[in-house]
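Labels A, B and C are assigned to the chains in the order they are written; within every chain, residues are numbered from 1.
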Amino acid sequence: MTPSRRTGGLSRRHFALALPSALLASGCAAPHQGTGRPGDPIVLTLLSHYASGELKEALQGPVDEWNATHDRVKVRTKAVEFTDLLTTFMVRQAAGQGADIIQPYCLWNGQLVQAGVLRPAPSEHTAEITRGYGKAAVGAASVGGKVYGYPTEVQTYALYYNKRLLREAGIVGPPRTWRELEETAYRTAKRDRYGNTLVQGFGLSTYDDSTTVGQTLALLNAAGGTFVSADGRGTAIDSTAGRAVFDLEHRLVVKGASAPGINVYKAFQSGQVAMVVSAGWWTGSLKAQMGKDYRDVGVAPVPVPKADDAPATLSTGFMLGVNTASEHPREAWEFLRWLNTEKVDVKSARKGATATRMSSLQVSVGSLTGRADDMRTLLGQGSDPNLRPFLDALAYAVPEPNVPGAQQAKSLLRKNIEALWTGQQSVDEALRTTRRQVDQEVSRSW
Amino acid sequence: MNRRRFPWLSYLLVATGAVLTVVPFLDMVMTSFKGPGESGTLPYRFLPKAFDLSNYRAAIHQLDLPVLFRNSVIATAVITGSVLLTSSLAGYSLAKLRFPGRDFIFRLVLSTMMFPPFLFFIPHFLILVHWPLAGGNDLFGRGGAGLTVSIVALTMPFLVNGFGIFLMRQFMVSIPDEVLEAARIDGAGEFAVWWRIVVPQTKPVLVTLGLLTFVDAWNEYIWALLVSTANPDVMTLPVGIQLLQDYVDPTRTMPIVMAGLVLSILPVLILFLLLQKYYIRGVMLSGLK
Amino acid sequence: MVNTLAPETTERAAHSPRSAGPAVDGRRRARRHQAVVAYLFLAPTLLFFAVFLILPLGFALLLSMSRWAGFDLDDIDPVGLDNFTGLFADGSTFLTPILTNTLLFALGTVALALAGSVVVATCINNLRFQGLWRTLYFLPIVTTVVAVGNVWKYMYEPGGLVNGVLNALGLGSVAFLQDPDTALPSVVVVQAWASVGSAILILTAGLKSIPESYYEAAALDGAGPVTVFWKITLPLLRPSLLFVCITQFLTGLQSFALIIVMTKGGPGDATNVAALEMYRQAFSYGDWGTASAAAFMLFVVVLLVTLVQLWIFRRKGEDA
């Protein structure tokens, strides 16, 4: 019951000190990356959103090849889902654990450059990039006239439609003008007696950025408008073209041809959506998930307001850049050059045909790069005809603006579009609030 | 006895509430057995067509479940242990020891409960990243990853709990001084007094505090999300399961998420059911008001 | 911690002329010993509060008046009150809808949870198998917010349980989380559902502490159960109610885990709340200054709401 004072004293001290010192000790472990011993290979980390399924495997192929053929520099891939990608860049950078090579969505380039995450490309790489890629791709990978990385995946937007649903509604081909688009949407839409939507004529979905902002911007570009003003410090949404797009979407929702609450990424596959504007990558997923029903899927260019309008659409993309915090920038750029511009034989195509590893990788997952020559080689014959409209669009697509604050601007646009679709805002209000909010946010970001 | 004149109304209200409380859990379990295309389709069906375990296999396959479990267990154990120890020691000091500055410290402890956690969210992360001499940092906390490389990052902001100290102190005040004094006269040191007399007397409230802390720590999501974003090696169960949302096949996502959830809440549920007697009695005794 | 011996020394100096016998000396030594022990016992706590309370407060204040992307400590750029004025500038979404949502979310949660828990706690008190009932009501408390959020998100879907029930009753489907008019209330219901259990716990403790003699006296006076509830139970439960109110309000004002899981703040800004905005500004957009400023503004709101509650309850107490 009564231990000696001495024991008590010892235990006291022990207890009082054990906790903090144990924590300190465990925290002092050295960081993990690289042993730093001479002779050991340099390990470059690569963070992308190629986190699962075929994307992950597609990237792992060339990386394994590099690791098998290079002794001094090894590459290790890390991945998170796209929705977590920006936050992961920012948090890992803040935590001093940024990857050597990162693959940002080009929209973020302004923010990442301004925050000092991205390192400008050395001049020889800049030359190689401007030479090898289309203008939209280079533009998306540049900030303030400086190139920051190798453009990888390029997405253009086009109109997906369900041939069966159009046929059942007595419509022959996909719409070319906005008038045809509306008509097709109204004729294909179906509801049950509880008001549950069975078929959406035109899939407007609040599911994610690409189903809200992507669609809207594609239509905006098709109408000859732009989202960000020429000087990059404000928005140009409050224009005739902007109003026309908002009006169109508003009518589609009000007349019941669109049900923004439904996730089109699930509904389209099961034949519950007649038309939707989406990016080229989706063909791959649709093919995998729809099985033989995929033959019902058609793709056409984004309809334009009037029949004689020039075609236009949105292009978005990713690039591979090097972290300013990387200790091995030279090796990182060298790997990127090897991956993105070195031409190798294409197994599937005719003899002697070559393309970059990145182009082969992207095409294998139903996507495109900004290298038109590669795309012509790889999509020569036997490939999915639904990819054609996306390839054609490379010539006329407008890149998504990447000024500092572009992600916030996009989020604000998305919120206002959603408020418009759900009847919380009129077209006028939506245009006005978007302009006020985006102007405030973007001007603050500079 | 007289108050039980209309128990049927009470029964009705309580039973309705209980059904509302339990049904979501049943729906979770049922959904976890549903096959591809069986969930989220119209019309709604409560029961699965067959009790198929493939979703559980998929959940385990998609996640590194043992690692997630291990991280959750370590973080929860460290937090709970630390909160119990520090609350009891500090509570004893504030309740039963006389020393200058006691009132000030007690007020400080009370005031910590006024500060909402989100205010510290950003600075806590900053402090962990720039912890001197950890994770490759220099003496001034620059150049490395700080404590974010270690699993202690999950626990650091929760190691001491102002409420816990307050609870223990309130409870210890009622221990008669004579008992402690008698022990001291017998030659017991303060540590012995605390360990031999105070701790046993406060066992119910310790169990309560322990369970409350355990549940909070096990279920903590936001901080764990941030720390796991910086360092996926320390990902906990809730964070990992939320990641299942991105499971590639959308027709199977929900059943698999539900299967993962069932697996993750089972251990806590079992523990709670075993210890709930102490939980409830402890709270009653502490007379939380 | 070091200067704590100072008062002790002065005390000794003042008392020393009178202290004569060895007994007094021993007591003084014992008291000083006790002070040393107390500070040893408190050392981990005080150290923790220094590093994880005082220091962060300083950082939060510094950051709220700086521009910083969160990377290099040398890049912290002081900008005065710009972050605060930015929050309230024309076109900023902070005041409406974000802060308004935060208040509505907290208010709705408290109202629902309080009403539900008062009813259930008083009813359970009259029943048999109290332990069993309480166990059922505690289930949501011991469940992670990720589980709660996902289950309800799924139940709210067009093909989910709630709409299934509505359809079975012949009612139309509701796009609970997709429609901005219903999204916030839908999330509020879930948050209340998840917090009713702990409220019941606290109220039960309060109920048990009401002396049985009060009820016996009321029964002698022939008071009905409703009268008893309004005249005896509720007034005597006031301390517990205040506690539930304040803690639930605090939780409601700052919780965003459920919202991250269920809606990520959408559709639009319909369920965006201050703490979520703070998280995004810092960790997605690299604007730690604005994030810290937002945190401070939310702190002010929390403080005001708490003070108002204390004031209301105290005034009511004086009326009674």
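Everything below uses one rule, namely that a contact is a pair of C-beta atoms (placed from the backbone, for glycine too) under 8 Å apart; a residue touches a chain by one contact, two chains touch by 3 or more.
Only a predicted model underlies this, so the values are computations on that prediction, with no experimental measurement involved.
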Ask   = Chain by chain, through touching neighbours only, how many steps does the shortest route from chain B to chain C take?
value = 1
Pair of chains whose C-beta contact count is the highest in the structure = B-C
Task = Name the chain whose C-alpha centroid is farthest from the C-alpha centroid of chain B.
result = A
Ask   = Per the centroid of Cα atoms for each chain, what is the distance between chain B and chain C, given in Å?
value = 15
Centre-to-centre distance between chain C and chain A (centres being mean Cα positions), rounded to whole Å = 38
Inquiry  = Where in chain C do residues touch at least two different other chains?
reply    = 37, 41, 44, 70, 158, 167, 283
Task = Hunt down the residues of chain A that sit against at least two other chains at once, touch-wise.
result = 12, 16, 19, 87, 91, 94, 196
Request  = Send over the residues of chain B in touch with two or more other chains.
outcome  = 40, 42, 85-86, 89, 156, 159, 189-191, 226, 229
Message = Can you tell me which positions in chain A touch chain B when the two form their complex?
response = 1-5, 7-9, 11-12, 15-16, 19, 23-24, 26-32, 51-53, 78, 81, 83-84, 87-88, 91-92, 94-97, 192, 196, 263, 265-266, 269, 289
Query = Which of the residues in chain B come into contact with chain C in the complex?
reply = 2-7, 9-11, 13-14, 17-18, 20-25, 27-28, 31, 39-46, 85-86, 89-90, 92-94, 97-102, 105, 108-109, 112, 114-124, 126-127, 130, 141-142, 156-157, 159-160, 165, 189-191, 194, 215, 218-219, 221-222, 225-226, 229, 237-239, 241-242, 245, 254, 257-258, 261, 264-265, 268-269, 272-273, 276-277, 279-280, 283-284, 286-289
Query = Where on chain C is chain A touching in the complex?
reply = 37, 40-41, 43-44, 47, 69-72, 75, 86, 89-93, 158, 167, 171-173, 175, 178-181, 266-270, 283-286
Message = Using the touch definition from the top, list the residues of chain B that touch chain A in their complex.
response = 40, 42, 82, 85-86, 89, 125, 129, 131, 133-137, 143-152, 156, 159, 183, 186-192, 195-196, 226, 229-232, 243, 246-251
Remark   = Per the touch rule, the chain A residues reaching chain C in their complex are 12-13, 16-17, 19-20, 86-87, 90-91, 93-94, 111, 114-117, 194-196, 206, 259-262, 405, 407-408, 412, 414-416, 418-419, 422, 424, 433, 436-441, 444
